[in-house]
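Notes follow the structure.
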Amino acid sequence: MSDEQRKVGVAVVGVGGAVSTTAIAGVELLKVGACGTDGLPFADVTSLVPYTSLVFGGWDLDGDDLAKAAHLHRVLEPNVIEASGAGLAAVAPWPAVADPEYCRNAVGANVVPISSVRGRIDHVRADIERFRTEQDLDRVVVVNLASTERWPDLTLPALQTPEAFEQAVDADDPVISPSMVYAYAAITTDSPYVNFTPSASADIPALLELALQRGVPVAGKDGKTGQTMIKTVLAPAFASRSLHVDGWYSTNILGNRDGQVLDDADSLQAKLQTKGNVLDQCLGYHVEDHQVRIDYYKPRGDEKEAWDNVDLTGFLGQKMQIKVDFLCRDSILAAPLVLELARMVDEAARRKEGGAQEQLGYFFKAPITRDGSEPVHALYRQEQVLREWLG
Amino acid sequence: MSDEQRKVGVAVVGVGGAVSTTAIAGVELLKVGACGTDGLPFADVTSLVPYTSLVFGGWDLDGDDLAKAAHLHRVLEPNVIEASGAGLAAVAPWPAVADPEYCRNAVGANVVPISSVRGRIDHVRADIERFRTEQDLDRVVVVNLASTERWPDLTLPALQTPEAFEQAVDADDPVISPSMVYAYAAITTDSPYVNFTPSASADIPALLELALQRGVPVAGKDGKTGQTMIKTVLAPAFASRSLHVDGWYSTNILGNRDGQVLDDADSLQAKLQTKGNVLDQCLGYHVEDHQVRIDYYKPRGDEKEAWDNVDLTGFLGQKMQIKVDFLCRDSILAAPLVLELARMVDEAARRKEGGAQEQLGYFFKAPITRDGSEPVHALYRQEQVLREWLG
Amino acid sequence: MSDEQRKVGVAVVGVGGAVSTTAIAGVELLKVGACGTDGLPFADVTSLVPYTSLVFGGWDLDGDDLAKAAHLHRVLEPNVIEASGAGLAAVAPWPAVADPEYCRNAVGANVVPISSVRGRIDHVRADIERFRTEQDLDRVVVVNLASTERWPDLTLPALQTPEAFEQAVDADDPVISPSMVYAYAAITTDSPYVNFTPSASADIPALLELALQRGVPVAGKDGKTGQTMIKTVLAPAFASRSLHVDGWYSTNILGNRDGQVLDDADSLQAKLQTKGNVLDQCLGYHVEDHQVRIDYYKPRGDEKEAWDNVDLTGFLGQKMQIKVDFLCRDSILAAPLVLELARMVDEAARRKEGGAQEQLGYFFKAPITRDGSEPVHALYRQEQVLREWLG
Amino acid sequence: MSDEQRKVGVAVVGVGGAVSTTAIAGVELLKVGACGTDGLPFADVTSLVPYTSLVFGGWDLDGDDLAKAAHLHRVLEPNVIEASGAGLAAVAPWPAVADPEYCRNAVGANVVPISSVRGRIDHVRADIERFRTEQDLDRVVVVNLASTERWPDLTLPALQTPEAFEQAVDADDPVISPSMVYAYAAITTDSPYVNFTPSASADIPALLELALQRGVPVAGKDGKTGQTMIKTVLAPAFASRSLHVDGWYSTNILGNRDGQVLDDADSLQAKLQTKGNVLDQCLGYHVEDHQVRIDYYKPRGDEKEAWDNVDLTGFLGQKMQIKVDFLCRDSILAAPLVLELARMVDEAARRKEGGAQEQLGYFFKAPITRDGSEPVHALYRQEQVLREWLG
């Protein structure tokens, strides 16, 4: 069967969010011919499923259709949303699995009315299967774009093996977060799973092992879009030129829902965790004074600003500073990566390459590794690995 | 003979300048054990001649000894200069070849009193040979750190072949600039030649061909230190993420002698020329609104500031901006590169690899290529080529 | 007659430009109730003629109606322009007086087909009188928003007295620039004149004297909007705290027609001239390293960016730096000032206060003074003078 | 008695700190003729006591002499400290009153070994009197430069009247913080008191009333040096031009002891409190999104960096941004203000003007007012009030 004929479903957790609606609007604009593939970094890779063969669905705590949601996020101008045709309005989010214990600031009425973990998993699995059937899909990939959950205790026995995880499911163990429910449902319906958020989700030994056993690709975690992306570009250059990083102070101001969720200390903690090791690994030494701030600042909406100050020591101990101010658009940076990831985990599945997809580290702040070792963070190295895999 | 026993002379054109005295001070500090190799990017490559085996001499329009010169440049603190011992004060610059037609703002009294081109060449050759003999050197490398000359007409027949160049020398053809005199003298004394300045110098067909014929390594041109270095780090990342560069505005303020020379429009033109193609080549398309300003601004001295604004278009035509403010130290960034280059052209000579050293493009804004084709500018790609060559 | 019943005509030189169309759109939006007076700094001064009593007309080299022009400038969103009703489209620019000798980059087809200076003056006077009659106006004020002209030789006898100027008019003396034609026509029709541009225009002894004789208010010159405004706010504070300014480097990037005109060296020179003395006067001493750059940079359009670096010396000679990056909107900053100036010269005329209006220095980079002495530049001092005058 | 013959003692709480040693070094340099009065904003006011008539002493938890302390703070270069002569080394700090309940991160061994509040007050009073006698002083002024204390409950009855405060002293009421002990001791020895810190100290009804009754001048609180100073300069200008402030995000990175103390959440809270109202009062409306961050970041030492982003709305609702990056020197900005304050409270005492010195608001982030009303914050208004008072 030719690529053009294949249909890949993308079931998004948090389908009504800013990143999701932006990504979907982009594909709809492509479908109606209202835009080109300019901002899509792997548009040149023709072996992947075409963007226009992607079909979207998903879960959201807010039941509004995606056109309504997109207008609300104000990432795209009203006329751009309208130009994308009827595609957005046609998607109505399925009820979502939520747990205030894991993410306090994410609330909504469109909730799965089931309290048992097993019941929730079965519900999500049924959503995936119904999506597959109704849309006549060759494959479903599940992409997590939901709000950041607090970080679980990763040393708990329940998260170590597929068997222990199964028992925890049946025991309604509170360690199982909503994003784990989605990941488990994806893996057990043989749907490749992408975790674009900082939540632990599939990045636990139990689920990585399960994915490997079943041959289901899993990618993650935490999309590398703005400040951290720049950090993994500049830090290797400083290392290359022996400019020692004495300190790196990063602050972010943003006013979208992502920022609002991070106003909750627990979610913020999870977020900052994935940002942490990047710098040390790029440089080859520990930077004690590496600080990262994320502040919710309403005037900006989705137009995030990331300000960095780097203190450097050069030859003969002489001091220098470099400051970077990135006036970026969170969702605009993230959306094309989400589309590429959907295409790439589909490709991995076609190649029957299951388990943690290390070659996709290019897309993530905290790339998962099969053995839990520290991944490579330098962007250009990640790109080389990925381009080689793409062939 | 072991590396430790070899002695390599470094004959610097502009030996009394800020970059030169900083580099030499660094080696002297190493010799007396007053500093380590922290800021030297290839300190780990043990196959190269040790830094402490480098011996310095050179030409300068100012006859002051290097300790005096170093104090004047105010790049290093007085106590650092003093800690470097008697080494700096022991170097008294040889009279230099100058031509106000090529560099108006560089003036001084320590001038070779010969007006014929051939006479000047022979004088410089004699300096090199005397240096070799007096210091008992295994090799001399010549490094050009002199002020930027105006750009010559590269299409003139005199610059196309070694033979035509020879005739031009004998005819006192005004196309032959001082930096060509040094380059020619270096090549014809089998001394590897490094051009760290934007001047054309050895980067003309006649001299590249001559260097190849004689098996003498030639490297250049224009050290890639601050703003352009960062540009060749960020631009490939923007390309990688399909962030289209709509415009890139760069301004530099600096108050050292380099800045003063660039106050002369002709020298500035030469400088800007070497900065030009970098961006387009890294991105793969032409950026019409790429502007580079260099302004002489006294309050800063050597503490240069490079401010960049980049206008980007991302997914679905959405606009972003990134601003970079690099509070750098011109000479501090350049000096270690000069030391590494001296070691590397020595290594190339040991390997008997003559002509244009393309693998050293990592160090330069406008890397020379054997066939005059556009070189690769992305820093990480250049580093990979270089590390491979180093083995 | 009550204020509400008075009608004041504003005849704008360059009525189709970005600042002009923005200002007029604002008044039209007020008239239809689509916006409030939020961005208008003297909305609280009820003794001035109401904004909604202003009626607009004027000259432009481009004959397009103002709705068309406003869409072209892209300062306001299409829906804002449309919300302003039929007012903009109803204004068709009158043919303008132009002279490529004075402003090379400003070109257009809507030109007064008269070559004699006297003939041009009479034509402009007739325009003003026709405007007054047709619109049943109580007063006409003329506002110059045209492109910057090159700077004339201010020492020429023709510019010293009303009589000499008259003779120069009759002799078609080339020293008389288009903006002087408009200023002269305004003064001799008893229409208060505002010069918001850096062109000399009415700021010559001959015309200031004439205005004083006839009792016509004249205000100027060069609207103080972005970088210079901030400079006259910060510099007095540095002086207040004894932070010595060692250097002040300012660069501007902008891509609107204003920027395009300043791409012409002569116009740029005039512009920079008005920016020059501001700093020294605010500080009380001369700053040798005060540099101002203006660069035409297309990606930005009207969204100008002004970047400043200030080098400071504080207590005990310790160095500090402050950098200001103003992402501003040229026309948005200027338009409300234009409206206030129109109201204020009308007020001055009501009070029968003719000649140079020194109390309006608050609005200008180079405030005119009756005796040609250096004006006060500190914004807060200017504001106090103005508020006192307003009463 | 002429000014030259008067001697004013300055007893500093925290005399060994960075600001204190910098200020004292400055006076010592003046005394030996090694510097001028360049960085001192009121050097032109000859009616104040000369800087060289100031004599220093004070309390510190660290007993090291001030030369040692100054070297440690690294605000001034070693050669500058040495040039100031024997003056610094001659000052040995007196044992200080400390209470970890009020300031956790400020620790040291040089402590007053008395636990009762009354005992501590008497001890401090005795220090002041001994200082007066031994140095033959015409007046002692007490300046608080100690680390920031946590904020007390200002509504407690003990802080409302002199009588209630007396009773609280005798009852060893824990509401009485160390800085209140110093303030009380100053007032009751008729020594003018300056509170340059954010601690409540004398800014409580009980002590302001006591100072008024006894005719002792009291000034405070929290020196306005860097970011807040700039804020009170820019905000009035935005208001003047009707540029509406939608949000103001401020972050500070600093690595001196001040920063370390503010790492403690309670002290930080007190600090942020004094920064809070400034903006709203300057603008005339409440800015909901006004955020201030202070982060302890070691690489910088005393060379603080304050980065501000301001979101503005201009005419017709158009958005703009301004960013300010102030690379300042905390102690260099503060030290001259401390010296001026010492001279000014001495002057107030000479004029017999006791109680809260409202005319000194120019120096403070949170100027005290007699009736507790919100003070004026705009720097230029404060300067006018002060200059008028100075006469």
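General remarks:
Going by the order they are written in, the chains are A, B, C and D; count residues from 1 in each one.
Basically, a contact is a pair of C-beta atoms (placed from the backbone, for glycine too) under 8 Å apart; a residue touches a chain by one contact, two chains touch by 3 or more.
Because the structure is a prediction, the values reported are computed rather than measured.
Under the contact definition, subunit B and subunit C share no contacting chain.
The distance from the centre of subunit C to the centre of subunit D, with each centre set as the mean of the Cα atoms, comes to 45 Å.
Chain centres here are Cα means. That of subunit A falls 51 Å from that of subunit C.
Residue positions of subunit A touching 2 or more other chains: 321, 323, 325. Contact topology of the protein chains: cyclic, one closed ring where each chain has exactly two touching partners.
Chains touching one another, given as pairs, are A-B, A-D, B-C, C-D. Of all residues in subunit A, only 22, 25-26, 29, 35, 38-41, 43, 75-76, 80, 229-230, 233-234, 236-237, 240-244, 313-318, 320-329, 332-333, 335-336, 378-380, 383 touch subunit B in the complex they form. The touching residues of subunit A, counted against subunit D in their complex, run 246-247, 249, 251, 253, 288-289, 291, 293, 295, 297-300, 305, 307, 309, 311, 321, 323, 325.
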